[in-house]
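In what follows, a single structure is set out as structure tokens and then discussed.
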Amino acid sequence: MIPRYSRPDMAAIWEPEARYRIWFEIEAHATDALAELGVVPKSAAEALWKWWATNPRIDVAAIDAIEAVTKHDVIAFLTWVAEQVGDEARFMHQGMTSSDVLDTTLSVQLARASDILLADLDRLLEVLERRAKEHKLTPTIGRSHGIHAEPVTFGLKLAQAHAEFRRNRARLAMAREDIATAAISGAVGTFANVDPRVEAHVAAKLGLAIEPVSTQVIPRDRHAMYFATLGVIASSVERLATEVRHLQRTEVLEAEEYFSPGQKGSSAMPHKRNPVLTENLTGLARMVRGYVTPALENVALWHERDISHSSVERYIGPDATITLDFALVRLTGVVDKLLVYPERMQKNLDRMGGLVHSQRVLLALTQAGVSREDAYRLVQRNAMKVWESDGALSLQELLKADPEVTAALSTAEIDEKFDLGYHYRHVDTIFDRVFGG
Amino acid sequence: MIPRYSRPDMAAIWEPEARYRIWFEIEAHATDALAELGVVPKSAAEALWKWWATNPRIDVAAIDAIEAVTKHDVIAFLTWVAEQVGDEARFMHQGMTSSDVLDTTLSVQLARASDILLADLDRLLEVLERRAKEHKLTPTIGRSHGIHAEPVTFGLKLAQAHAEFRRNRARLAMAREDIATAAISGAVGTFANVDPRVEAHVAAKLGLAIEPVSTQVIPRDRHAMYFATLGVIASSVERLATEVRHLQRTEVLEAEEYFSPGQKGSSAMPHKRNPVLTENLTGLARMVRGYVTPALENVALWHERDISHSSVERYIGPDATITLDFALVRLTGVVDKLLVYPERMQKNLDRMGGLVHSQRVLLALTQAGVSREDAYRLVQRNAMKVWESDGALSLQELLKADPEVTAALSTAEIDEKFDLGYHYRHVDTIFDRVFGG
Amino acid sequence: MIPRYSRPDMAAIWEPEARYRIWFEIEAHATDALAELGVVPKSAAEALWKWWATNPRIDVAAIDAIEAVTKHDVIAFLTWVAEQVGDEARFMHQGMTSSDVLDTTLSVQLARASDILLADLDRLLEVLERRAKEHKLTPTIGRSHGIHAEPVTFGLKLAQAHAEFRRNRARLAMAREDIATAAISGAVGTFANVDPRVEAHVAAKLGLAIEPVSTQVIPRDRHAMYFATLGVIASSVERLATEVRHLQRTEVLEAEEYFSPGQKGSSAMPHKRNPVLTENLTGLARMVRGYVTPALENVALWHERDISHSSVERYIGPDATITLDFALVRLTGVVDKLLVYPERMQKNLDRMGGLVHSQRVLLALTQAGVSREDAYRLVQRNAMKVWESDGALSLQELLKADPEVTAALSTAEIDEKFDLGYHYRHVDTIFDRVFGG
Amino acid sequence: MIPRYSRPDMAAIWEPEARYRIWFEIEAHATDALAELGVVPKSAAEALWKWWATNPRIDVAAIDAIEAVTKHDVIAFLTWVAEQVGDEARFMHQGMTSSDVLDTTLSVQLARASDILLADLDRLLEVLERRAKEHKLTPTIGRSHGIHAEPVTFGLKLAQAHAEFRRNRARLAMAREDIATAAISGAVGTFANVDPRVEAHVAAKLGLAIEPVSTQVIPRDRHAMYFATLGVIASSVERLATEVRHLQRTEVLEAEEYFSPGQKGSSAMPHKRNPVLTENLTGLARMVRGYVTPALENVALWHERDISHSSVERYIGPDATITLDFALVRLTGVVDKLLVYPERMQKNLDRMGGLVHSQRVLLALTQAGVSREDAYRLVQRNAMKVWESDGALSLQELLKADPEVTAALSTAEIDEKFDLGYHYRHVDTIFDRVFGG
């Protein structure tokens, strides 16, 4: 966890105290269920909740000190709680195993982390929609391979991102469902010493599903899917960040990250306004992706469980969720305040001397009866002249001066092919698909 | 693609001829739609289908030869088709861009690959269910950390695998849906020169959804999610394979891969029967996982597209699907024919002198009023003697000879705690959860 | 292995026949040593070499057919050789284990692959040096964050790449040394049934070092280091490829991949000249990187060995070396024939109105006694005007019109700071560092 | 950084204060060199060192507060230092760029981290050597595929690990050399405003090499190689950890992690002694490996640099080195105190009824003139009986009762093949190879 890439709400989920609070709630809910089943006295559960109602401080240092001796975290915690609650606490944890607590806690943490990430995505989607609609018909050049292709609108770029992040939201909602299960099934998952109804009760209280069949642990394919999904979302973050980085290049400069008055771009070059936020997002995406493989390697635990997954999860549980939360919020800010320069977009669009319309001419020629091969040759020989002139020559004029072309198309027909609006006839259709009717 | 790790049906999807066949169908369906819209003559579409009805051989070498000159695969293909069909072929591909064909083709291929993988999973689930039910109550020791814990049944192990692969089936079905879209949207996704109705027609004919907003390409977050899902499934393959490898160890030998009469385990040691299939599956899982990161790196294409994803997909499209198909079928065979040794399972279960029942004694002591700490100490001091005797001593007998224990529990009470059946009271519940009522 | 990304020499190393040829040589050299030690008759070795001198065809299909029965590749091969050579062949493989042959063969293959890759790097270094010297003083703008920074030369960019690939050459030479060991140590590496002198003889004949301590296999940390090194080299390939992709952008266009007369950039847009080779290299780099993690996961084999590494190596042995070989040669071609446009570089350099010289002015101000903070403020306020004018205004002129600036610096002093040559005073020094005196 | 997986010396390298101390030293050494060259007054350098001689506290919070405004870390630091030192401080950082400081600092940090890791490896090598020699001739079964193969000694297992970690030490020393360079070359690496002699001076003072050609940054292939090397070492850690985990399995129990008196293995099962340290090491290895790919992705920065690498390095710089340091020390402790059970090793060795000697019999038969195929058949048919008896039958006795065998080998000859010492004749040779003469 890197403080500068952390936001408080997400970081709080992973604080030791937060973890111990969930531990307590699991133990106390389980004790309720055990009392209901007559396994432990009702007074035991009451004692626990009574103490809890005092809103006690969790003394993390004291628990750590006990763990230093026992070398077992859950026993250390139970010992500390017993010191606070008194004799009735001995009924806690009856028939349960440490992993019942640990794994169910991780489910709660990942579910809560998901809720924050889903809210982050909702805010990002809002901002993308607003800015997409704002620039629905702002002309800009579409580029494939970094080379000018045909006109698009800036709003279409953002609509594309919106659709992508909406898919990501759906994926995360699925991954949340995958991860949000409770297991209270005992040492090897047989419920030998704890009734399945305890699991059902705890799950219901925590808003989790029951784990249909656990071993000692909740199976790690669930977590693997979860972190893989975060890796996909991070890759989409990188995609949009990369778009902004490209647009902010000196030679392109169609958009810029917001630049606050006090900000300095470079200790050496005062004129510089660098896309540092989106470059940073590119790096953060690499990290979130880097956590996917360890999560996948965690799946093949030995037999009913080994504990190799645990250290991995101590890193990636916080690091992946905190980093992605930060990245999504940062990306939202970038889009929200992005400086967009329509004049520059138009200027760039115009600089290729009309080459972007070459495809339409090509089609018109074939429809006028020229073979596809010939049409291609005619367009390309004129296009190449424009290209080599670096936009000084106009494709439209060259075509009108090419007798082989004018044999097939009239001047008016050629002119008609250079209409920008033609390219935007279906923008409404696409926006309807993305944002609804 | 490694021939020895390939099955014909999956490999066939990725053959050049199969790819060209899909290309043709996309072009021909698109020509139908264009004809319907009046953009091209109906005779053009008819000419294409008429030729197709002759079930023509696709001359891959001839197309390759054209590509060697044009350095463009789709143009090479269109040129070759035009040579076969004649003049009417010039109307093909009107307003489309190469990626319309390439990306929609990849969607078809991945959808078909998914169908094979889903069928593989169905067969694996069948076999897991059969063998789980066969061994529903076959006692075996559950192990955490590789150390004996408490009894489970062999059927429970397989039920766990069943639940895991059923989750994987659901994930793959989702990933298939994610990947199965068609884009016929032109050079930068604006439908500038091709009506959206062409896309809708082609999508419907191929059983795909339309891509709501494409650029020149279908966005690669879809593919990233797809290959990430394959990586999760491969990790589950590794988990079950690792279980078999452990069970086949000389000292454990509770199960073995089927060993055919002609098979030789080692050129040097004729007695050896090695779990080579499941070791092989472990390696294959590493490969399928290895394809996840390149797929994630493919997401951040530049602007409306660059072509860096293409070479990656030429590798991982076939390699990931072919390898996982092979692995799932191999795993199914391993489970189907797995030699299971219940006597050995019982022998291993017994060898710890009853230590596996220690938890029940611990609980009984606390329920009889002994503090948890004292109960733990009493059980552990006897358990340690058993442990150090390597199973020669019996925990049951030692406890009955320990006055501090017998002060709390009668002999009959102690004996009752060593009943194996006690551990299996909830097996029905778990099987109901996994396999239904 | 993807044919279009393969070169014949590297692919040949991985053909089944090539592998069997190495197998035979290992077995025959070992038989020589065994005969020398008196373990087997000299006639046995003679018989093997006599047959080999006939340059026999290796019948891969026949060996495969035997393996289909025995399910053991080395036994299948030995059986087939025995069929060819006759009775004397029974002395072959005495005291050896399959892995002695397999692992030593892989060492030979990877050493040969390294030799090709080293030669590829040598050729790339030659081309980089030639073109770096050609453009040693070709002015171009240096960019950080994609934003114009200060002037560099195009030769410096290539010198940087040269230094990077020379480091990579040294790394690969180390990795080759790491991988080039022979193990002929028997079933668990104890030389129980084969004298260490056999290993020494075979190693010497094949140009390998002996493996100091093997188990049954050569330890896989060696291979992990090897493939990790390929991953680093691939990342450097991506770096230089990315540079070219950026330079070829429509708005930048300072350099272009060579564009052959017959080549078509797009089926739809005939004017397009896309950096498809370097985009392709970007994708290939992702693949070579993707093979690193499986290689790392191969290290932790169980006990004296398991065979999970084998399937991984069947993929990545060929795929990583073939792909990197192809990529290095393609990259060399790109650099060799790269179209460089010095006029465009100069034009881009000039377009920022002299902003690239701001740092020098900043320094001059501080040296003239202005506080760093004030100097920064003075430069930035003028720089911002230039920036906002998109290069229409001149920083040099604005500074000369700013009284606070001219209070510290004379007009002549200001003018002197805008000399491009100033930036290139140390180019010789850097070239000396990279290319020697 | 996870506190429980951190050791103080390594963590200290990455503390903000430590970083700022290196920043200061770089700036002050550079100012010395600038003064020597007459660029700045000598009094400037003197003022810096005079302040430094007071051993001033670095006020991290104050610097952070300035950065919150300037959004630039180096400017914030310089501003704070100027507040402390006074007017002379304005000569600091003359002609330098932030990355000169940041990248050279990272080199210092990684070099220091390397020194700790090298010392860790030295201690691990010592412990491995001591325990290897202690168990040089402790018989134990060698296992391939988890199946008993032939006898080895426990010392040989540790000698193998020693050789592997000695290779890793050499690799790390190379990686340290690769990473330990200083760049003080200005905004785009041209030394435009800072003489190369400043770089040489700073490098010498810090014990670094000069970076032959930098851009604005030190090229990231160096760091990629560094982190890849850590990934290889981590994989070796996993290998040895996995060996211990296997040896500690209940059924094998040939060695155990040291179990301290106060330690509790399980909250539920008091008899359990789990290999939790080595399982933990397995997880930590996954994390260190997980950092390799982000480091590789950092190589392809745009043009003269972008800053995407920075956030990645804020994570993996500390996390990879701290985690590996912790893992190496933990592994050293595990080996140092490992409980080794030679009696159990002997017992396991004996349990297969002599099957481990089958290879020697096979060889003897072929040397006695039996064809390899027949010899294999004879040994296997007897071996299979032993196998199926689970070690109750003796291969030695069965062979002596098999007329086809005794037709080729006398009883004495058969008995001679079952001598364990035979397998250890070359242990001295191997130890000499690994540990010297």
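Here are some notes:
So that you can tell them apart, the chains are marked A, B, C and D in the order they are listed, and the count of residues begins at 1 in each.
Basically, contacts are C-beta pairs under 8 Å (C-beta built on N, C-alpha and C of every residue); 3 or more make two chains touch, one makes a residue touch a chain.
If you want to know which protein each chain is, UniProt gives these names: A, B, C, D = Adenylosuccinate lyase.
Just so we're clear, the structure is a prediction, and the values are computed from it rather than from any experiment.
Counting hops only between chains that touch, subunit B reaches subunit D in a minimum of 1.
Between B-C and C-D, more contacting C-beta pairs join the chains of C-D.
Here subunit A and subunit D face each other with the same set of residues for the most part; over half of the interface numbers are shared between them. If you average the CA atoms of subunit B and of subunit C, the two centres end up 33 Å from each other. Subunit C and subunit D have Cα centroids lying 24 Å from one another. Within subunit A, residues 143-146, 149-150, 186-187, 193, 245-246, 264-266, 268-269, 274, 276, 279, 282, 289, 293, 297, 302, 306-307, 359 each touch two or more of the remaining chains.
Per the touch definition, subunit A reaches subunit C in the complex via residues 141, 143-150, 245-246, 248-253, 264-266, 268-276, 279, 293, 297, 344, 348, 351-352, 355-356, 358-359, 362, 376, 379-380, 383-384, 386-387, 390, 395. The touching residues of subunit C, when paired with subunit B in their complex, are 1-2, 4-5, 69-72, 74-75, 78, 93, 96-98, 186-187, 193, 245, 260, 262-269, 274, 276, 279-280, 282-284, 286-287, 289-291, 293-294, 297-298, 302, 306-312, 314-316, 319. Of all residues in subunit D, those touching subunit C in their complex are 78-79, 82, 90-91, 94-95, 142-146, 149-152, 156, 159-160, 163-164, 167-168, 171, 174, 178, 186-193, 196, 210, 212-216, 219, 221-222, 224-225, 228-229, 231-232, 234-236, 238-239, 241-243, 246, 282, 285, 289, 292-293, 296-297, 299-307, 359-360, 363, 366, 371-373, 422-427, 429-430, 433-434.
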